[in-house]
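Next come two complexes, and both contain chain A; in the first it sits with chain B, in the second with chain C.
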Partner chain A sequence: MVSLMETRSAKELSEIPVDPSAVRRPARATMSPGQLAGRFWRARWFVVLRAFAVFIALWWGVSAWVSSPIQMPTPAKVFDAFLGLASSGELFQHIWISTQRLLVALVVATTIAVPLGFFMALNREANAFIDPLVELLRPISGIAWIPLGLFIFGVGGTLPVFIMAYVAFFPLLLNTVDGVKGIDRKLLAAAETMGVSRRARLTHIAVPAALPSVMVGFRIAFASAWAAIIAAELIGSPSGLGFAIEWYRQLLMSPKVFAFIMTIGAVGYLCDLGLRALQRKLTPWAEGTGIGQ
Partner chain B sequence: MTVATMPTSQKPKLRLQNVTKEFVAKRTGQKTLAVSDFSLDVRPGEFLCVVGPSGCGKSTVLNMIAGLDQPTEGSIVMDGQLVTRPGAERGVMFQDYALFPWKSVRDNVGFGLKHGTPGNGLSPVERRERVDHFVKMVGLEAAATKYPHQLSGGMRQRVALARLLANGPEVLLMDEPLGALDAQTRMVLQVELLRIWGEAADHGERKTVVFITHGIDEAVFLADRVVVMSSHPGRVSAVIDIDIPRPRTEHIRSEPRFGQLTDEIWSLIRDEAYQAIA
Partner chain C sequence: MTTATHRFSITSLPPAVKAVTLPILLILAWQAWTLTLPENSPAPAPAKVVASFLALTASGDLIWSTLQSLGRVIAGFAIAMVCGISLGVLMGSSKAVRENLDPIVESFRPIAPMAILPIAILWFGTGTPAALTIVAYAAFFPLLVNTVYGVSRVDRQLVRAAQTMGIGRLRTVLAVIVPAAVPSVLLGSRLAMGVAWTAIIAAELAVGAKSGSGGSGGIGNMMFIFYAYSVDLNGIVVCMIVVGVIALLIDRLFRAAETRLLPWRT
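On to the complex of A and B.
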């Protein structure tokens, strides 16, 4: 029974953000008390909050059981540390540095991967040449390049950017190739019968037709890059969120370590919400077709 | 069949001469003869329907006229010019409409005018007026800013028709344009299509139409002539004149002549239709 309940709430969680219009909400006045209560239990903010509440309760339980403030600080201690870091501005300084690096890495990865993906999808020879190289490099984790990167770039801001651009590159490239290859041939044929030149077909058909897939690639690229930044900064950088975690670990200040870990999660979550909104805005036609959700 | 025997004094708009199309499978090298020795003259301003059993090569013929496919043998000539590639003078309406999903109704209709040769020499104002005119003609003013995925099948079909006409083609090539619709919507749109085609005739610019369908009654209702194809390989088995006067309205469906012609065409493809599902 418990597992049944869980699968249902997991389903709700995944469905609600996908298509808000699918959940029809009757007007408040016409609802019975039972319906009103049902509406309360299913409200998105409540579902999210409930998940967080369970998580924090578990955390509290485990920290009480472990009862070592270094191994597992309580949520309250972490919250205190968080407020302290926020009021001193240290938190935002590190967030700013890390997101800046993320942005640079994503711009670099996008400007290389997307045009290359178009080129590979449209040119059989290029695809035959580049694809094996991509498949060889793709399984290698970005972290594997950190030792070598330290030799080449040294400790600093360049190494994290390199690692992030590296991990962001592959999902962007592969999704672009997929998107371009999957273009409905009839759309290109239709444009051809309207006397639309090859060049205009590329910019006005191929690009928008591949966009939903590219956007999906971008979201995956962002998630991979954000996950990789910490490893890169942990070792190869004198600043940023990953560096802060390592710094406070050495000082045995676990609440601050946890506060930074939570921050990484929160920033990632918020950015993904932003990207989803961007996706809905840029590719509204792909909504409801299952693409990019 | 030789072209010279075609009973027409006018110069044909389109002349298909011994057109043959053979597809070769890339991997196996297996050859399939889709269309064989297909000869046909299409008169200017006529509404020509092509019917035949599924897989008889109807769409292949249309694609070759459009220039999207090249005949293996034979030639296709429009107004004395050999057709070698697609051009806006031969507009195509695809079976599933091929609307651009990221463009609104208006932008779909105006796509060719904006990005293709039909817009050459037109000012932005003229283009806008032309788009307005065709959006209005198909009755979609209220939905002009909507996107294809927000429209019903019948509305999408109208968008495709408006887009086709906005590009001002001389020949309309329509590949089962009503095939995906339910029976009621299809009948309404048949009348609509004739109205729009007929209106253009009042201005002395009646378009030449090649209309592919598997609906025999649809062909009889719409066409001046019906080309009946047989399959394996696809070839012309008969050309039937539809002598029902225009303008045609709903009531002709119940006239005896309508039934006679429908039966006649059905008798020509019945055996093959049965074979196809046997």
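On to the complex of A and C.
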């Protein structure tokens, strides 16, 4: 958001100094070329562009120095491979397969974890029984389930979904429990005093109060699931982004490997951006949307 | 929760009993289920898992593999610590460095450690260096991000006071900024060690899966051999439990270090 706004102001700055509306901002209109250049030099979008330019230049230098196209393809080759994969549709095919699995896994994890979280948080007795089991399973990372999952589900599309749903389950559950436990008791007591039904208390007080925490849990769940899918597909799936990077590694087609790795990063980044927007939209009352990790 | 037919209510049970009830019930159900299977079924059973654990411990395989994985995690973590903390201090204390490096760091951060594996194999082959790369990469980001956060939040008054007293820039960083950032760095270390342990299992599994029988050892590789060659699911479950226990121990160790080193924080 911030960078977008700043981009716009920098654009205005360079394009419309003679615009009548600029009269209202004499400071900008009368800026000396030196000041203008300084502002331009510090503009956020320019800093980002510059950083990437330096990075790509360094990459080019390293690839020239290594001079092994398999170990270190040049940025141009990677870009070429990226365009080729995109125009043949292969790229989007793998993205689609992976995101589909991700969606299924997140839906499964959410439908189990969120109601269970509410149940555990509102029912102390149930919590005393279930929480220890959760804490026993939680340290076993999703990755460690891959060999057993491979045996149960075989190589295919189910294994990544299972691993991701497992990985996404814990942050969702724990954040839901936290969110529900953090509800202001006075609100619930007040509603109870006024004779609000149990169901209405749940939907009008507990759910909105816990939603910010659930959303944070969802973002963490997404991030860990997106990391896990690469491992799961790489080891035990004949399709998807994780499969693609390893497949082209075996074929020694490094530019495609690099292109797919960049795609993994880009898709992950864009999804998180979308989730952040969703978070702001759904829970505008939440203070601070940053998460510790 | 209370049932009228019982003389004891469930709620009056001691917490420890409540805690173990569900796990024990599940294990019993699991054992009962496996008893219905034919004798030569590969399905893991609790009793067989225990026997497998004893056998693997007695032969030393399990301990050796675990130590090998742990050694890699510690080495990779050390690399990440050197890079992550030094870069973090640099980025945290200088706005210019932070602004210029942030876009690069942020674009690498969403790339999962496992996505780097093909490159690591291309560069270093399927041995320990590839695994170390994955671990160091995984641990690098939590360390870096938390160091930057800790350093950039150091009380400006302290920094100014140090400057007023004529202390040089380097000494200010070492004597004021770094100690003040320690809580954040420790938190970053704990998170980093957690992801590093997950990453080593993933890396060893995948390297084992992709290099045939010539894997490079470690508990992840052991799991893959159990899956692909000896079809020993009990062994896999033993490894899973060991992985979980180690993860728990690592977490507890770092939490203990936090309370020990930072007693003013609870």
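Basically, the second predicted complex is superposed on the first by the 225 of 293 C-alpha atoms of A that agree within 3 Å, B and C clash if a C-alpha of one lies under 4 Å from a C-alpha of the other, contacts with A are read in each partner's own complex, and residues count from 1 in each chain.
Keep this in mind: a residue touches a chain if its C-beta (ideal position, glycine included) is under 8 Å from a C-beta of that chain, and two chains touch if they have at least 3 such contacts.
On a predicted model such as this, the values are computed, not experimentally measured, just so you know.
Does the chain A-based superposition show chain B and chain C clashing or fitting?
Aligned on chain A, chain B and chain C fit with no clash.
Once chain A of both complexes is superposed, is A:S254 in touch with chain B (first), chain C (second), both, or neither?
Only chain C is touched by A:S254; chain B is not.
Now for A:T74: first (chain B), second (chain C), both, or neither, which partner does it touch?
Neither: A:T74 stays clear of chain B and chain C.
Answer with first, second, both or neither: which of chain B and chain C does A:T110 touch in the superposed model?
Neither partner.
See if chain A has more residues touched by chain B or by chain C, and give me that chain.
C
With the two complexes superposed on chain A, say which partner A:A189 touches: chain B (first), chain C (second), both, or neither.
first
For A:T176, is the partner it touches chain B (first), chain C (second), both, or none of the two (neither)?
neither
I want to verify one number: the closest Cα approach of chain B to chain C after the superposition, in Å.
14
Which parts of chain A are touched by chain B and by chain C alike?
Touching chain B and chain C on chain A: no residues.
Please name which positions on chain B make contact with chain A in the complex.
Residues 66-68, 86-88, 90-92, 94, 96, 98, 100-102, 111-112, 115-118, 147-149, 167 of chain B touch chain A in their complex.
Which stretch or stretches of chain A touch chain C in the complex?
47-48, 50-52, 54-55, 70-71, 123, 125-126, 128-133, 136-137, 139-141, 143-148, 150-151, 226-228, 230-231, 234-235, 242, 245-246, 248-250, 252, 254, 257-258, 261-262, 264-266, 268-269, 272, 292-293
In their complex, what parts of chain A are in touch with chain B?
Touch residues, chain A against chain B: 184, 186-187, 189-197, 200, 204-205, 208-209, 211, 283-286, 288-289.
Mind listing the chain C positions that touch chain A in their complex?
Touching chain A from chain C are residues 1, 10-11, 15, 18-23, 26, 42, 44, 99-104, 106-108, 110-119, 121-123, 142, 187, 191, 197-198, 201-202, 205-206, 209-210, 220, 223-224, 226-227, 231, 233, 236-237, 239-241, 243-245, 247-248, 251.
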